[in-house]
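Chain nomenclature is as follows: A, B, C, D, E and F, assigned in order of appearance, with residue numbering initiated at 1 for each chain independently.
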Amino acid sequence: MSLGVLLALPFLGALLCAALYRSSRTVQALAALGANTAAFLLLLSFAPGVIGAGEVVTAKLEWVPSIGLNANLFLDPLGWMFAGLILGIGLLILIYARFYLSPADPMGRFYAFLMLFQGAMLGIVLSDNVLLLIVFWELTSLSSFLLIGFWRARPDAREGARMALAVTAGGGLALLAGVLVLGNIAGSYDLTTILGEREIIQSSPLYPLALGLILVGCFTKSAQFPFHFWLPHAMAAPTPVSAYLHSATMVKAGVFLLARMWPVLAGTDMWFYSVATVGLVTMLIGAAIALFSNDLKALLAYSTVSHLGFLTMLFGFGTPMAAVVGIFHILNHATFKAALFMIAGNIDHEVGTRDARRLGGLLTLMPITATVGIVAAASMAGFPPLNGFLSKEMMLEQAAHTIWADLSWLVPVLATIAAALSVAYSLRFLVHVFLGPKRLDYPRTPHDPPPGMWLPPALLVVLVIAVGLFPAAIAGPLVQSVSGAVIGAEPPYFALKMWHGFTPALLMSALAIAAGAAILWRYAAAESVWTRLPIPVAKALFEGFMRRLVETSYSLDSAIHNGSLQRYLAILFVTAVVLAAGGALTGGGSLTGDRATIPANPVAIIGWLAMIGATAAVIWAQRRRYLALIFISVVGLVVAMGFVHLSAPDLALTQVSVEVVTILLLLLALNMLPRQPPPVSSARRRARDGLIGAVGGVAAGLAAWAVMTRVPNDPISSFHWANAYSGGGGTNVVNVTLVDFRAFDTFGEIIVLGIAALAIFALLETATRGVSGYRLLHWKFETVNSPERHPMMMVVATRLLLPLAIIVGLYIFLRGHNLPGGGFIAGLIFSIAMLMQYMASGFEWADRRARVTRHSLISWGVIIAAATGVGAIVFDAPLFSTAFAHFQLPLVGEFELATAMLFDLGVAITVFGAVMLALAELSHVAQRAEGTIEDDTPMDVDPSRGPREEPA
Amino acid sequence: MNHLIVLPVLLPAFVAALIMLFRRYTLRIGRTVSIASSLTLLLTAVFLLVQASDGSVASYALGDWRAPFGIVLVLDRLSALMLLLTATLSLLVLWYAIQTDLDRRGWHFHSLFHFQMLGLNGAFLTGDLFNLFVFFEVLLIASYGLMLHGQGAERLKAGVQYVIINLVGSTLFLIAVGVLYGVTGTLNMADMAVRVAAIPPQDQGLLRAAAAVLMSVFALKAALLPLHVWLPRTYANTSPAVAALFAIMTKVGVYSIIRVMTLVFGTGAGEAAWAPAEWMLPAALLTVVIGFAGLLAARGLRDLAAFALIGSTGTLLVAVSLFDEAALAAALYYLPHTTLAAAALFLVTDSVQRRRPENGDSLVPGPRFVSSEALSVLFLMTSIAIVGLPPLSGFVGKLLILEAAQPLPSAPWVWSTILLTTFVGIVALARAGSTLFWKSAAIGEGPLPAARWQRTADLMPATTILLLLAILTVLAGPAMDYMDKAAAQLFLPTAYIEAVLGGQGR
Amino acid sequence: MSLLVEIIVSLLLVLGGGFALVGSWGLARLPSLMTRLHGPTKATTLGVGSCLIASAIYLPWTTGTYTAHEFLIALFLFITAPVSANMIAKAHIHRQGWRLDPNPADDIVEGLPQTGGPTGWATFWCPPGRQWMGSSLVDGDCIEPPGGSGAS
Amino acid sequence: MLVKLFPHPGLTALLILVWMLLLNNFTLGGLLLGALLGILIPALTAVYWPNRPQIRFGWPILGYLAIVFFDIVIANFQVARLILFRRSKDLRSRWLVIPLELRSPEAIGTLAGTISLTPGTVTSDIAADGRSLLVHMLDVEDEAWEVARIKSRYEARLLRIFQ
Amino acid sequence: MIELALKLAFACVSIAILLNLYRLLAGPSRSDRILALDTMVINAIAIIVLFGISQLTTLYFEIALLLAMVGFVSTVAYCKFVLRGDIVE
Amino acid sequence: MSIEFLVASTVAVLTAAGIFLCLRGRTFPVVLGLTMLSYATNVFLFSMGRLVVNRPPIFDEAATDYADPLPQALVLTAIVIAFGMTALVVVLSLRTYLETGTDHVDGDSAPEEECEER
């Protein structure tokens, strides 16, 4: 429980700081400090148990138990040590940052990010579940991204942040894969369980995979070769961030994980050769680059890379003793490196530059800063009696005994060279910055910063000295206890002391110091050699890779999504056909079934010929649109006749009426589409499309043939046939199916129509404005039009036909339940009748006389249909249940009333409303194109009124 | 009899029709009714989810005609989940649309919106294949209306493509349903499941061809490669708020794949078991790749969001097309996450573009804009969700998918694809965000330019979505419990079939 | 009785089919639209008419149920056919008059006769001063259409 | 009031007749419904038929119908002969201009329809002042005679029907 | 006898439809095609009536009725389009 | 020759024409193509109930054979939906043309596709 509180405190601090974004800087700092201090104190309270007695504090909480992702926390000595570093150094950094940041910097945001990062870091070291660990791991990547990019206006900050995120979060993904594999080998994702499964894990065939993936995660985070390049660019962050992330926390996460996993992963050749080698190489390269870096922060950054390599190498050795040394050095490095970063920050802050070539002689100008810096740098160099010396000695001792591929000299020699380089760059920091003559060209006049900025590093330097002098007393118990946790057993005997006697390590150490001093002495010469070395710049490689990634993505994207509907449709058709063919071929079976076919009579064949001819004509006339419309009518007519022939009178009725409405619609729209023939596509394109069409057509035809020639498989429609009259009260089974058995489909269908009308309305309502309105206003007709708008003959005929059509429509509606017909067809007939009226006497004239709004017709239609359905619920029958009864009235005789007819009424009304809304709106727009004419007569020629306008 | 199950279909129909009636009066009535109805739908969905969570399958025989003869609505865990997701998302989008006056910028927004919900809910509830087609059409045509809402040249052009390609899709749907009826003699999916198992060998080819075409239709909706091609232009050119609602549209395709495959062509389908979807896994993997590559290639936030949708839906499809119980459970967890996350990204996109009069959504640095701080946080959180980084549910979802894929032979492909594309996603979104918020900040630290849009109320819906994702993360355990059981229910459809075929009705 | 009915019905059927064919034959072979326009009236009037009468006699006689829908079909056709013909003729003389798809075999080449009144034919006549709507070829007042106009 | 209820009494009658023909069997209920529709539909659609032609019902109408029917049959045979046996170039097809005395659009419409229904003649256009019809005739021997035939045989009768 | 007469009538009307198709495809003017289509619809009505007689059913006559009405509307619309470009104005 | 063959080949021809037209570059032929496809689909769906001559699904105790009513009902629904969709797509094409000045489906005034002027 208290572990939960411990973990929550930094996050709470982050929230608090974010919430206080308007408060004063001090309040914000106090909020962050408060949270951090509380956490630190809480952590200290665990010390007696964890460090003293070796207890492991746990807190268990199930999160996603089904995959073993638990929010389990545990605090063992290793975790305690890291938590101590995180919270302890964090505390100092918070104080330091309060004074370091300028008033222009948003302090609240900074602290929020920093506390977020702290929480994430703490999460890593407290997790008892590897999946949970990944959560925090990635959270550190994210929060460090924010911190590095804190000075968002600086391009280097943005780039550095992105690079750090890409590398560390990307590595985190590899780590995720790794721990998933590991967890599956071990049978659990709980660390405590995994740590007990060394045998199983190391003998598993998946061990190399898991190891490799986990190491990628560790190496990226800890900036190990070849992933080392991101770290220096992360130095664009404000110095407190660098000090925090790159001394004690972020980059140590990788090392932490190496230590954490050490008991189960270490000890194999694979571990040794991969981890130790990478560490060694990194140590060398980092040190070399650090030596020749002029930016103090870059120098420190590469030094960090080098020291992380140092640690990695130690853990890579796989021996308990090496692990002990590693743990000790983690502590030491954190102290002197954090101090050094802050010192570098102070110099930058006060002098206005971090370029080592422009510095020197600061000892007298900034005595406190310089003193602290010199001690810390000396520790980094490994000078006695500082803590850096102790752990470096021990490392060299370990290196001296390490045999790499039967080469006993390799590791000691390389380690010594690295140590020498380390001495050199440390001395360079020390000498080129603080010593030497004062310079006159500093950007600013340097003096010591306020205590808030030198106290934190000073405090750390006190530790550096104290540990150096009294290692066993101060660090001994901690190292002892942590080593036990890492090794998973009683650690080997070790002595933290200055003098081990004349050991090979001492010799190596001395050599290193001498060589390092020599290098610094001949620094200029060394530098000129270095600059001539052809070293590939990792950053450029990385950026090149990223650029190529973006370019590839871009060309992939534009190659695939070229915006051509023609291509998209071709893809769709081809995919469907290929899939269908694949299904048919793998499924097998026969094409033709056992059902007897019906011989075709000559009339049917002639209809078929008409259909083929008309279809061919449509294709031929596709660019002569008016003709195409006439031809397509024939197709519709033949289809309707086919429905007549094949016992589908309802379909024929519907087809006939839909057909005419569609044609009217197309004619209305056609009038306003450009009439000049569009360019034809190339012969190749046409051939391709023809091929796709032919294959698709054949596929559809074969499927139709295959089904039609098969004996039906006991279709459910026999139930519909049997129950239409008895249960649905109608003899027209199709209609009963529509309004009763499958009324829900019909309900959806009228809604589709209603929505179509709404969408059409919404589209056209605006057509008279803007660009479109302009285009309409400046419409140029391409042909001569007759001046006669409302021919008399037509008007006269319509006067008779409108009532006739309405009565026919009503009849069709009423009989629909028993004979072909129904609401939909009736609705269409009413629409056609009204459209006839519109055509005859004009939109304005007819519309002014219309009494209902078309919108409300649609609404009412839907409401009636739905309400009919709901009516059933009132009687606790399911939605759309129907009732019907036969009534006997005097004079009238027997008649039937069915609720389904009410539903059908809703259908008819909706259809009528929708069709009228769509076509009326279209006519309205068309009329706009012609300009409005005062029009109050139903026909142009009306002899009964005499000539309308006397000729001149 | 429990009639509550029809409410998700009935209420939107009534409300849409009523709003249409009242359109002459103030918009306020429309808004009030719209919000009230959406809230009701949310409550209903919660209630139905609770009802379904005990594992029972409720079958509602419309018109009192028993299955397979009439149409049935079926409520199981999956459909309840989809209903809740729809209700949640639509309420949030509605909120946003009202906040930003989107509903003023064209006709009939609220009616179309409710018709859209009607279509979605109907599709999720129906137990009948043809009825599914009908509701596909309802939701599609409503989506056409919404997609075009507000108009403008680019939107219209994209709309033409969207409409046409979906019309072709509908044609294919009909053909597939037709053959399935012709071969099996039924339309009810449960009944079809029973009959498919007994289809003789000589009809197998026909059956599978039809099933494959049906899958291609669903894949079109779900934006599965190579049928995803329509999506970027459509989603990038509609108003982002509508695109946010459309995040659920691809899930209709996914839902349909899950439903039809597990129920009709699942383990019990005899020879045809799983056959119609064998091609899906490679396609889904490529979809993820294309989606995340598009994220890198995007030159505007809208493109970015569209590709993020493709990529994350692709990830979902990867999990689905493993056709494994654990993977399906993972997919079901990931499904609401990806829907909401994509929606949030679209909403953020809209908020950004609304505040940048000159540069709109394009990923170029421009002057600082109002509430860019808040938006940068939202963008960051949304990106985290979309990419699947901790601490949001996307991470849990991907984790679940990886974990589920592990024992399967296709694991290497699934793992490498998901992990590598996540990496690409991180890179891409970091690029985009740093350009948009950091680089822009660098350009003008001066006073904020006067913008049309000064309020911050429009950030609330996206914030709420992130909050919901956080809740989904924290409650991943109980959620997975539900998803596990839902997946189990899908993989053993006997209860479903019994509930449907043994249900009431004349 | 039944033989008589059979004979009548058969005659009507043959007559109906025959006239439908003659009408369409005319449509196919006559040289110009205006002459072709005479063909379909046969299909309408005697062709379909005879068939309808045949049906009206035959179906009640065989099935015993009377039906009157034939008369309605006839009624509709008789109302609509002349209007269709009129509109087709108008369309035709309009296109021919403006030489939009000239056909040498057609009847308008030498022009329509004068109306005998002060105005032209409705298809062409535009009252002076009124813009000839929808015509980009004609900008100001009426111009003289090529075929037929008023006496004035 | 009565005019409002029965704007077109003839139409009402026609609708009732059509309804009964549609129903196809005579019931009192059907008739009542037909009567209702016969009244309702013209009343509802009256706005689209604003003028009210005065028609004299009775024998003249029946006589007219009989003549037209007779002419249709005869003319059909005549035209069939022309189509089948006359060579195209020998067809003497002509335009006829028929000056009108009829003034009501309904009456002119009826005349035009009659002319078109009887084979061999097609009403093609009307003068813009409504005072003459343009009729195309398939084969004309004597134009003046044909015009006179139409005027006397049809128009004169229609003048009597449409007052 | 009726059988034979029906066959004859069917044959006549079918050939008539083929002739209509010829005119429809051959044109040459728009009016020719409209006319051909109009005639084809009328012949289709005849076919339906003949079909009714041959199958002894009146069930399909409403289709003929509707065709009569609808054929008219579409013919008029096609003509109106030729005349005015706009069919509803 | 059987009716089944006629219907199947009708489906094939209509589908082929529909696909070909759908793949054209201008909205109008595409609309034609969609119309053709919808004819094809309707006939196809209808044929799924198998073909029967003059056995309309009007219930009659005496009838022994009948056309399958269900596909007919489905086709009716499909026709209506296709009508609504066609109406929408027609208006949309028109509206897009008015707004953009081009009737190319991709909205380009100068289409990228390979073209030859006729």
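Heads up, the rule we're going with is that contacts are C-beta pairs under 8 Å (C-beta built on N, C-alpha and C of every residue); 3 or more make two chains touch, one makes a residue touch a chain.
Just so it is clear, the structure is predicted and the values come from calculations on it, not from any experiment.
Common neighbours of chain C and chain D under the contact rule above are A. Steps from chain B to chain E, taking the shortest chain of touch contacts, total 2. Path length between chain D and chain E in the chain contact graph, taken as the least number of steps between touching chains: 2.
Of all chains, the one whose CA centroid is most distant from that of chain C is A. In this assembly, A is the chain whose CA centroid lies farthest from the centroid of chain E.
Taking A-F and B-F together, the pair of chains sharing more C-beta contacts is A-F.
Centroids of chain C and chain F (each the mean of its C-alpha atoms) stand 31 Å apart. Per-chain Cα centroids separate chain B from chain C by 57 Å. With centres taken as mean Cα positions, chain F sits 22 Å from chain E. Averaged C-alpha coordinates give centres for chain B and chain D that are 62 Å from one another. Residues of chain D in contact with at least two other chains: 18, 22, 112-113, 123, 126-129, 131.
Within chain E, contacts with two or more other chains are made by residues 10-11, 13, 15, 17, 30, 34, 57, 59, 62, 65, 69, 72, 76, 78, 80, 82-86. Residue positions of chain F touching 2 or more other chains, listed in rising order: 18, 22, 27, 30, 40, 44, 47-50, 54, 56, 58, 70-71, 74, 77, 81, 84-85, 88, 92-93, 95, 99-100, 105-106. Annotation, chain-chain contacts: A-B, A-C, A-D, A-E, A-F, B-F, C-D, C-E, E-F (touch as defined at the top). Those residues of chain A whose C-beta lies close enough to touch chain B in the complex are 62-67, 69, 131, 134-139, 142, 145-146, 149, 152-155, 157-158, 161-162, 165-166, 169-170, 173-174, 176-177, 180-181, 184, 546, 549-550, 552-554, 556-558, 560-561, 563, 565, 567-569, 571-573, 575-576, 579-590, 593, 700, 703, 706-708, 710, 712-716, 719-720, 723, 727, 740-745, 747-749, 751-752, 754-756, 758-759, 761-763, 765-766, 771, 855-856, 858-860, 862-863, 866, 869-870, 872-873, 876-882. Looking at the complex, you find that chain E touches chain F at residues 55, 57, 59. Those residues of chain F whose C-beta lies close enough to touch chain E in the complex are 54, 56, 58.
Taken together, the chain F residues at the contact with chain A in this complex read 1-32, 35-36, 39-40, 42-44, 46-60, 66-77, 79-81, 83-88, 90-95, 97-101, 103-106, 111-118. Interface of chain A with chain C (complex): residues 780-788, 791-794, 797, 800-801, 804, 808, 930-931, 933, 940-941, 947-949, 951-952.
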